[in-house]
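Listed after this line are the structures, all set down as C-alpha cells.
Below, chain A partners chain B and then partners chain C, in two separate complexes.
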Partner chain A sequence: MIAAKSSFLKKAFDKDRVGYLFILPSCLIILVFSILPLLASFIIGLTDLDIFLATPNFVGLSNFQRSFADARVWNAFANTFSYVLLTVPIQLIIALVLAYWLYRPTWFNKMCRSVFYAPVLCSFTAIGIMFNLLLNSTVGYIPYVISLFTGRVDALLSDVRYAMPIIVFISIWKSFGKTMIILVAGISDIPATLYEASAIDGANRTRQFFHITLPNLLPTINFTLLTSLIGAFQVFDVVYVTTGGGPLNSTETMVQYIYYRGFSMPYELGYASSMAVELFFVIAVLVLAFKCILERKIKNIY
Partner chain B sequence: MKKVFAIILTLAIMTTVFASCAVAEEKVTLTFWNGFTSTDGDVLKEIVQRYNETNDKGVTIEMDVMPWDTFNEKLPAAIAANQAPDFVLCSTGYYPSYVKAGSFQDTSDYYERPTVNKDDFDANVVEGLRYDDLIVGIPMQLVSHYLFWDKDLFAAAGLDPEQPPTSFDEIKEFAAKLTNPSQNQYGWLIPVDSNVVAQYTMFAFGGNYTDETGTVSMLNSPENVAAFEWMYDVYANMKASPTDSDDNTYISGQLGMFINGPWIINGLRDNEINFGVTSVPAQPGQEKQATIIPVGFSIPKTTSPEHKELVYDFVEYWNSAEICTEWTQRCGTPAYLKSAQENFKDDPITLALSEPLSYGTVALKKTGVSPVARESLYPALEEVFAGADIQTTLDKYNEVAQGVLDSLLK
Partner chain C sequence: MKRITVSKTMQVILCLLILFLIVFPFAWLLVSTFKLQKDIIKWPPTFWPKHWTFKNYSAVFERIPLAKYILNTVIFAGFVSLFSSFFDSVAGYAFARLDFKGKNVIFNIVLLTMLVPFQIVMIPLYIELNLMGILNTFVGLILPRITSAYGIFFMRSFFTGLPKELQEAARIDGMGEFGIFAKIMLPLCKPAFITFFIFCLTSNWNDLIYPLMMTSSTAMRTLPAGLAIFVGEGVRETGPALAGALISMLPLLILYCAAQKYFVEGIAVSGMKG
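Entry: the complex of A and B
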C-alpha cells in the first residue's frame, strides 16, 4: 500500500510531469469559467430559456433562424465590424509610433509612458461616465468649447454622425497605452548591435524603424493585434455606459445587443445565447485566419 | 505530545464555533433586496435600522441595495436556485414577468391581520398591486409624474411665476418664451430615451399606448399622431428642448418646465432652484391622465410561512401613519395612507403630489411599459425628430409594438 502510494507520488512529481501540476489550477479555472459556460451557451442557444430558468423548451435552430431575419443583428454586426476596423489599426499605429519614440529608458520617456498608460488602469465605466458628462450638450465642457467657434451647441453623443467616432476615440484613448507598453518591451529586446551596424551603414531612424524595428517586432505585433482584435469584437462597457447603443442603434454592437436581449424584459436568454454562439464563430474564424496569415509572414522573415 | 495538543486545540475551536451558532439561532435574520440606490435609500436604511433596534421579536433585517437592473438580473436566478431573499421591493413596471413566472407569493392575507386596517390604504394603490386573483405586493411607496416649472426663469421671461401652464398649447407658448439657445436655456424637455414625456403628451391629446384591454397597440391612433406633431414642433421647429439630457439637466437651472417624478425634488432643492410643481395638464376638452407607479413589498415563493409572518410585522411597521409621514416628508413621494395624508393639509407641494393618485392608472399593467417603449416608442421618437414622416413611422412601430405585446402576453 505504502509502496504503491509512494510510487504514485513519485510519478506525479516526476520531472517531466510536475509541470502539469503547476498548470492544473489555471486549467481548472479555464474549465469552470470558460469551457463549461461556452458549452452551456451552445445548449441554451437551442432552447427558449428565460431568466426565470423555469422549464426551457428545446426549440432547435429556430433562435438562429430568427437572428438571421433580425435587422438589429445585422446592424449590430455592421457596427461591431466598423468599430473593430477603426480601433484596432489606429490604436496599433499610435502605440507603435509612440513606442518607437519612447522606448529608451530616459526620465522623460518613462514619465510619458506612465501618463499614456494611466487610462488603461482606470475602469471603463468611470471613463464612460466622465466622457458622458464632458460631452453632454447642456452641462458638458467640450460642446461649450465647440459652441464658441460654431455659435451653436451640438449634442455629440446623441447625434448619429458623431456617436460612433466618439466611442472609437474613447476606446483608443483608453487602451493604446497597453499596446504601447508591450511594444516597448518588444523593442527593448531587439539587439542593439543591429542598430549600431545599420547606423554605421548610414541608415537614419526612419529606415531603422522600417527595416529593423518593424520586422523584429512582428511576433509582438502579432500578439497585440490578436488580443486587441478579440477584445474589440467583444466591445460592450464603453457603449453601455455612454450611449446604450443609441442614437437609432447606430452604436449598438453585438455584445450590447446580446446583453439587451438577455437581460431586459422579457429576458430571452436562449435567443441571446444563440447570438453569442454566432459571435463566437465569427471571432474564431477571423482570428484563426488572421493568425495563419501573420504567422506565415513571420516564418518568411526568419 | 504535539498531537494531543493539536487535538485539544481543534476541539476547543469547534466548541466555540458551535456555541456561537447556538446563540445566533435565537435571533432571526430576514434578508431584504431592493433597488433604492439614491438618497431615498439612505432614509430607507435608517428606518430599517431603527426597526432592527426596536422590534421585540429579535428580528434583524439585512438589506442589500443594488441598482434595479442588477436586481432584475439576480432575483429570478436566486428564486430558481432557492437562494432568494425573504422579501423584496418591486416596482410596478417589473411585476409582469415575475407574475407570469409565479415568483411571488399572494399577500392578500396581510390585510386579514387583525392589526391591519385595509381602509386606511388608498384603494387605487392596493388595486395597482393586484393581478387578477393575486395580490402581488403590499404598498411601500407610490409615485407619479408632475409638471415642474422654474419660477425665476418664468419671471425673467415675463411670465407669471405663480401660473403654470394649464394645457399643452400653453406649454408650447411658454416654452417658446423660455427658450434661449445662446444661453443654453430651454423651455421644455423631451428625452428620446424615456417614455415619460411622450406618454404624457399622448395622454394630453387623448391617446395612449394601447386600447383599454392593454393588448392592442394604438401607437398610430390619430390622437397619438397629434401628440407626435406637437412634440416635433417643440423639438425640431422651435428647438425648445435640449437634444441630450441626463439627470443633471433637470437640476441645471437651464430648464423652464419639465415633467419628472418626485425624486427630482431633493436635487432641485439642493441646487436652490425656485420651483413649482403641479399635475400634468391635458389639452382643452381632454381629461387629465396620469400613470401611478406603486412600489410593493413582495415575498418570493421560496420564503417560509414563519418568515413571511415576520416580514408582515415589518410591513405593518412601515405602513404606520408615522413612517408614511416621515417617508413623504423626507423623500417627497405622496402619502398613500389616509391617516398620513391628514398631516399634509397645509403643504401645497405634497398636496399637488397627491392629486394624480385619484385618477392615475398603472400603464401597460399586463406587460410593463419598458419593453414596449424601448422597442417602439424610443425609435419612433428618434426617427420622427430626425425628420421621418409621423404617420408612416407610427404605423411601422405600431406593428412592432403589437409584436412585443403579443410575445409578452403569450
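Entry: the complex of A and C
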C-alpha cells in the first residue's frame, strides 16, 4: 500500500516535469534562431547599422521618428492592409464554399480537390515566371484574350489600377487549395448523425450549412484564419516575383519596403530593422485581438 | 427536387470553371517549354507551337547546374522536414497533453514567433550563422529550420483531438511518459506526421529568400534560388526559364500524385476512429 503510494507520488512528480524535456529541443532552436535574432533586430533598430556592419552608432528612437514622417511607410502599410483585407476573406470564402461542395468522396469531387491543391505545391519563383509571361502586355496570352473582348491591349501588371488586384488573384490562385483541404478535413469530421437528424427535421443544404457545418467548423476556421492572416501580413514572394513593388510603389508592401531599405543602396539596416519592429507590433496586436474575439465567439456558441 | 438539380448543376459548372483556371496556366507552361523562342514572343500569341523542340530543356541544363540544384533542394528540404516533423510532434504532444508550470506562457511565446516575418530576423540570423561559421553549408541551412512554431501548433491541434482515455489507460498500466508517446501517440499521429512532413517539404522546397541569403556559392543553391538568379540576370531567353520552372515543379507534383491521400486524410484522422 505504502509502496504503491510512493511510486504514485514519484510518477506524479515525473509527470509534472517531463513536459520540459519534450519541449526542450524545439524551444532551444526557437530561442537561438528566432527569439534571439528578433531581440537583436530591436537593438539594430536603435542604431544606424549598415550592411558593412562597421561601427554602428546608437541613435535612439530617431529611426522610428523618421519612419512616422516617411510617406512610403504609410503607403506600404496601406498596401499591406488592402492586400490582407482582400486576400484573407476572399480566400476563406472560396475555400469554405468549395470545401462544402466537394467534401463527399465522389470521383468528381476528389478530382477537383486534387487539382485545386496542385498550385500550393509550386514555388512563387516558378509561378512568377509563368504568370509574368502569361500577363505580359506585349506577348502574354491573357491580355490577348482580354483584347478580343475590349478591342485594346491593356498593360496589366504595370497598371496602377490592376496591379494589386492581380497580385491578390495570383496569391489566391496559388493558395486557396490549402485552406480548402484543411476545411474538407474539418467538415468530414462532423458526425453524420447531425445531418441526418436535421434532414429529418426538414432542413435543406443551405440551412444545414449555417446551422450545423459552420458552428462545428469554427475551431478549424479559427486555425486557418489565424495562419492565413499571419501569412498575408508577411506577403513578399508574390510581389517580388511579379511587380517588384511597382508601378509607382502601388504594390509595395511593408516587408517589400523593409527589404528594399536594407538590401539596396544605401543599405540602411538600422532603419529597415526599426520598420520591421513596427510591423511586428502591428501584426502581434491585431492577431492577438483577433484570436481573443474568435475564442470568445466559440465559447458563446457552446 | 428540381431546385436541387439546378443548384447542383451550377456547382459543377463553377467547379469546372475553376478547374480550367487552374489547369490552363500549367498547360500553357508545359506546351510553351516546347516552343521556339520566336514562337514564345510573337503577337498574337498562340497556344500550340508551330515547331516542337526540346532545345529549351538542354539549354537550361547547359546554362545552370540544374541537377546540382535539384540534389541540394532534396537534401535541404528533406532533412528539414524529417527533423521538424519529429521535434514538432514531440513538443506539440507536450503542449497538448502534459501538464507543467508555465505551459501556456511558453506556448504563447512559441505562437508569437510565428508572427515574425523571416525578413525581420534575416539580418541578425545571417550574422549569427556567420559567427558560428556555418554560413553556406548544409548544417547552416538546415539547423535553424529543424523545428517550426507552425508545426508545433499543428501537431498540438492534432493531439488535442485525441481522446484522453488512451493516455490515462496507458498511465494506469504503468507506462512512462516517453513510452506513452513513443508506443501509443507517435503511431497514432502517423497520418498527421506525414501530412506535416509534406507541408514542410513543400514550403522548404519552394522557399526562395532563405536559401538565397544563407548560401553564397552556386554549388549550394537550391532550385528556387538558382532559378530566380537565372531569371534575375535579365536573361532574354524565356524558353529555358520556362523549362526550368517546369522542372522545379515536377518532383513535388509527382510525389503528390503518389502520396496524395495523406494531404486529405492526415488532418482528420483521430485515434478513436482507427
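The rule we apply is simple: the second predicted complex is superposed on the first by the 283 of 302 C-alpha atoms of A that agree within 3 Å, B and C clash if a C-alpha of one lies under 4 Å from a C-alpha of the other, contacts with A are read in each partner's own complex, and residues count from 1 in each chain.
Note that in this section contacts are C-beta pairs under 8 Å (C-beta built on N, C-alpha and C of every residue); 3 or more make two chains touch, one makes a residue touch a chain.
Because the structure is a prediction, the values reported are computed rather than measured.
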item: Chain B versus chain C as contact partner of A:V255, first or second or both or neither; value: second
item: Dominant contact partner of chain A by residue count, chain C or chain B; value: C
item: Touching partner for A:L157 - first (chain B), second (chain C), both, neither; value: first
item: Chain B versus chain C as contact partner of A:P247, first or second or both or neither; value: first
item: Touching partner for A:V139 - first (chain B), second (chain C), both, neither; value: both
item: Which superposed partner A:P266 touches (first chain B, second chain C, both, neither); value: first
item: Touching partner for A:F33 - first (chain B), second (chain C), both, neither; value: second
item: First (chain B), second (chain C), both or neither touched by A:L53; value: both
item: Partner chain(s) touched by A:C112 [first = chain B, second = chain C, both, neither]; value: second
item: Chain B and chain C footprints on chain A, overlapping residues; value: 53, 133, 138-139, 144
item: Footprint of chain A on chain C - complex, ascending; value: 4, 7, 11-12, 15, 18-19, 21-23, 25-26, 28-29, 32, 40-45, 47, 87-88, 90-91, 93-95, 98-101, 103, 106, 109-110, 112-125, 127-128, 143-144, 146-147, 149-150, 152-153, 157, 171, 176-178, 181, 202, 205-209, 223-224, 227-228, 231, 238, 241-242, 244-246, 248-249, 252-253, 256, 260, 263-268, 270
item: Interface residues, chain B side, partner chain A - complex; value: 69, 72-73, 76-77, 79-81, 94, 96-97, 101, 103, 181, 184, 186, 192-193, 242-246, 248-249, 252, 254, 368, 370-371, 374, 378-379, 382-383, 386, 407-408
item: List of chain A residues in touch with chain B within their complex; value: 50-54, 132-133, 136-139, 144, 147, 152-153, 155, 157-160, 244, 246-249, 263-267
item: Complex contacts: residues of chain A adjacent to chain C; value: 11, 14-20, 22-23, 25-27, 29-30, 32-38, 40-41, 44, 53, 98, 101-102, 108, 112-126, 129-131, 133-134, 138-141, 144, 173, 181-182, 184-186, 188-189, 205, 223, 227, 230, 233-234, 236-237, 240-241, 255, 258-259, 262, 269, 272-273, 276-277, 279-280, 283-284, 287
